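Consider the two complexes below, in which chain A is the common component and chain B and chain C are the respective partners.
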Partner chain A sequence: MIVLDNVSFRYSNDTAWVLKNNSLRIDQGEYIAILGQNGAGKSTLVRLLNGLLRPTQGNVYINGMNTSNSSVAELAREVGLVFQNPDHQLFAQTVRDELQFSVKTLEWSAEKQNNAIKETLTQLDLTLFSDRSPFKLSGGEKRRTSIGTIWVRDPSILILDEPTTGQDAVQKRNLASLLSRLQTYGKTIFLVTHDIEFTIKHCPRVIILKEGQIIGDGPTMKVFSNQRIMSEACLFPPQIIRLIWKLQETHPNLSMPNNPQEFTQSIENFLKNQ
Partner chain B sequence: MSIIQFRDVSFSYHTGECDFPALKNVNLEISPGSFVLICGATGCGKSSLFRALNGLVPHFYEGQFTGQVLVNGKDTRQFSTRDLSLEVGLVFQNPDNQLIAMNVERELAFGPENLGLSREKIIAQVEYALDVVNIQHLRKKSPLELSGGEQQRVAIASVLALNPPILALDEPTANLDPQRALDILAFLSQLKHQGKTILIVEHRLELVLPLVDKMVVMQNGRIAVEGSVEFVLRSQDPAIDALELPPIVELFKYMEKTYPRFSDIPFTVEKASEILFAKKNEGFKV
Partner chain C sequence: MTSLKLLEGFRFLEGQSFMHRVDPRVKMFLALVFMILSLLFDTVYPMITLFCLTFPFIIIAQRVKRWFLTIKSSIFLFLLILTLNTIFLSFSAAVAMCLRLLVLISSFSIFFLTVHPDDLAAALVALKLPYSFSFSISLSFRYVPTLALEVQTIMEAQKSRGLELEKGNLFTRVKNFLPIIVPLVLLSMRRALLVAESLESRGFGTSEKRNFYKQISMSAKDWILFSLLLILLVGGIFIKIMPALIPDGFAWFFQNWPL
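Up next is the complex of A and B:
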């Protein structure tokens, strides 16, 4: 579980606040996205979760541990961060070496380490590539390897920074099914993203950040269809929501679908009802 | 008359062990002043196509090149990349890979300086680029202290400082939030209206389609489908599966399949709502 208790942060006493009075609770096993304009404070928030930064005011708790009193090593066991660009994360000779390096720092028996590596290779469909150089893999395979290096440590919270950037539709679909599969293992999946269309399709909950403050938090469809939040955060609402708004201008009884899967049904209802 | 012509162009990179075919028998004509979207799965040949535009393929990248690319009438094999840089400006996805100077003004002067232009001419070109992209206020700043959107504008300006008639942009908005991405796309559309030819790779179709005159879908080094947006969206070609179609397009493709009287494929909210209102007024029954 992640808890932010009235958290504020600034890099030094004479600089502006990057995060201001944010409180938040994310339960274990949630699949959640955080959105906001460039510079809204998303990266700072993520760094507060894995202990790279400590709050200036307030407290951050990860599975009950106060990050202000915990080491980065302790927190890294709970929170895994996957970088936006796999090239910034990968360095070893083979995919297996990448995973091996990642577990080496944990106080695990050799057997436990080997089992974790084997399982990760299977769960992320990497077994075939285990002896290949990560740099000779395709973009999607590289991405899976970079997730694997974190996954192998068995963190309870997995944070992915902009995982869909530069991915084509097929890679995005594969990533989406991988993330839903990982979530079934009870992990918390936390995306930092600009990808509104991906978020609306896959993440049940969303947080909107603007100038260091959480201005929206709740079920994705509900937050994205809140005109005030979206315009305040300068976010461009997803197409399906904009279409429903447009139709509602003359047909106020038309209801917003609860999820994107119900979108077609809503349009059919619109055409059907007088 | 086309400003860009690819005539049966094939190119394979020499990668050491084996040749990697990146472009296969590509034929393409682009009219001047058009806004062209190039899309397709990762590795389909989009970047190689761009490199062939300004002569990086075959002058810089080793490989086997056949066919002919004409840019503003210039055969890319006969002209140096220096000459071709006056015809085509390339903008990459990540401005960090492109920006090198101490401040924005120096950054914009870098291209014209390398062409050996006179001091007066360099100053005029830099002023032109600052004005067109509307970044006069950033001129003394270091590119490193700018936001992602500002950096991308500087990258575009640095290319415009050479005032080429063609701009080719490889995912220029990938690192930007949707609002800033839209700002850049709207700005590119303005440049088109000033007569520039724009080629762009962009995955976020819902943002870019309303601006596009021609859409080209590539697959495995070939052009799979090309034409107007509506023509391409209707295509049954499997290459379309690699695109993330906007939800409205998905909706109307479903409607077309399910209900015989649905035959339009709109891609903007305005057009979609117009069609739905018309259908409802006609007394359409589902």
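Up next is the complex of A and C:
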């Protein structure tokens, strides 16, 4: 569980606040996206979660641990942060070595380490590339390897920084199915993204940040259909919301569905009745 | 943030100080003079003298805070030099080596803190170096802040995998930097190729002759500073190659401590 208790952050005493008085609670197993303009404080927020940064005011608790009193290495056991560019993470000679490097700092038995590596390679469809250099992989394969380097440590919270940037439609679809699969293990998945369409399709909850403050937090359809929040955060509503708004002009009784699947179902029912 | 702080003393920051207005060629000469002199001597007192001569330039440039950040972040390096030299040479030699590093950092810090990368290119062109060469050098310095940010991101990425850079003995700490260096080199090489392609696509090097937006010229104060530095350099070389000329009463100044 992640708890932010009135958290504010600034890099030094003579700089502006990057995050201002934010409180938040994320339960284990949630699948969340955080959106906002560049400079809204998204990356700072996720760096506060794994201890790379410490709150200037307030407290951040990860599974009960106060990040101000814990080292990054300790927090890295609970929170896995996958960086935007896999090239910032990969350095070893083979994909297997990359995973090996991630687990060697954990006090696991050799058997447990080998099992975790094998399991991760299978889960992320990397078995075929296990003895290949990570630098010779395609963009999507590199992305999976970088997720694997974190996933193999079995963190309870997985944070991905802009995972869909630079990914084509097929890679995005594969990533979505991979994340859904990972979520079935009861892990918390936390995405930092600008990809509204990806968010509405896959994330049940969304957080909107503006100038360091959370201005929207709740079910994705509800937040994205709130015109005030969307316009304040300078976000353009996704296609499905715009379509529903358009339909509501002629069908005022049409309510906002809770998720895209519910909307699809109602359209199907409508067409059947026609 | 250590890596970023280490480079703070080598990052240009706009200013109006006397040192900012000095011709970049003179500042380049200043750095070279102190580099040559610090390499020429290897005892404590000449090094202290050289440092006492460089430090006022940092004060005049109003960049003491930034210089100090770099020195503070280099403490590990200073301790390493001090330990290894004390073990293999002597404590006196170790102190001299540390002071040499201090002089080198300070003299180049004065240069990089006060010379804009564009002025650096202009200075090199004025020194009759080929423009492509001058441009490459100024471009490489312009990428220092980018590189520092990249180091920071890579360090954060590896720390997120449980890497503890500050833990372990000396050998472990050095080994721990491998996951930082490999991605950094690869990313830098990739960026170099991209920049080269971008320059070519903008017609870089298509014409032999080119004009410059900014022209630099030496003023009276530049010539005075240049002359003083030249005297210092010649004097230092003279003392080094003709030690017999040093008066007996000053011989101790060039000797190591008996430690």
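What we mean here is this: the second predicted complex is superposed on the first by the 261 of 274 C-alpha atoms of A that agree within 3 Å, B and C clash if a C-alpha of one lies under 4 Å from a C-alpha of the other, contacts with A are read in each partner's own complex, and residues count from 1 in each chain.
We take it that contacts are C-beta pairs under 8 Å (C-beta built on N, C-alpha and C of every residue); 3 or more make two chains touch, one makes a residue touch a chain.
Fair warning: this is a prediction, and the values are worked out from it, not measured in the lab.
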Touching partner for A:37 - first (chain B), second (chain C), both, neither: first
Contacts of A:58 with chain B and chain C, given as first, second, both or neither: neither
Contacts of A:250 with chain B and chain C, given as first, second, both or neither: first
First (chain B), second (chain C), both or neither touched by A:270: first
Partner chain(s) touched by A:219 [first = chain B, second = chain C, both, neither]: neither
Contacts of A:29 with chain B and chain C, given as first, second, both or neither: neither
First (chain B), second (chain C), both or neither touched by A:236: first
Which of chain B and chain C A:197 touches, first, second, both or neither: first
Chain A: partner with more touched residues, chain B or chain C: B
Residues of chain B defined as touching chain A within the complex: 40-43, 93, 147-149, 171, 174-182, 203-204, 206-207, 241-248, 251, 254-255, 269-270, 272-273, 276-277, 279-280, 284-286
Footprint of chain C on chain A - complex, ascending: 47, 50, 52, 71-73, 76-77, 79-83, 85, 87-92, 101-102, 105-106, 135, 149-150, 153
Contact footprint of chain A on chain C as seen in their complex: 150, 153-154, 156-164, 178-179, 182-183, 186-187, 190
Residue ranges of chain A touching chain B (in the complex, touch as defined): 36-39, 138-140, 162, 165-172, 194, 196-197, 234-236, 238-240, 242-243, 246-247, 250, 260, 263-264, 267-268, 270-272
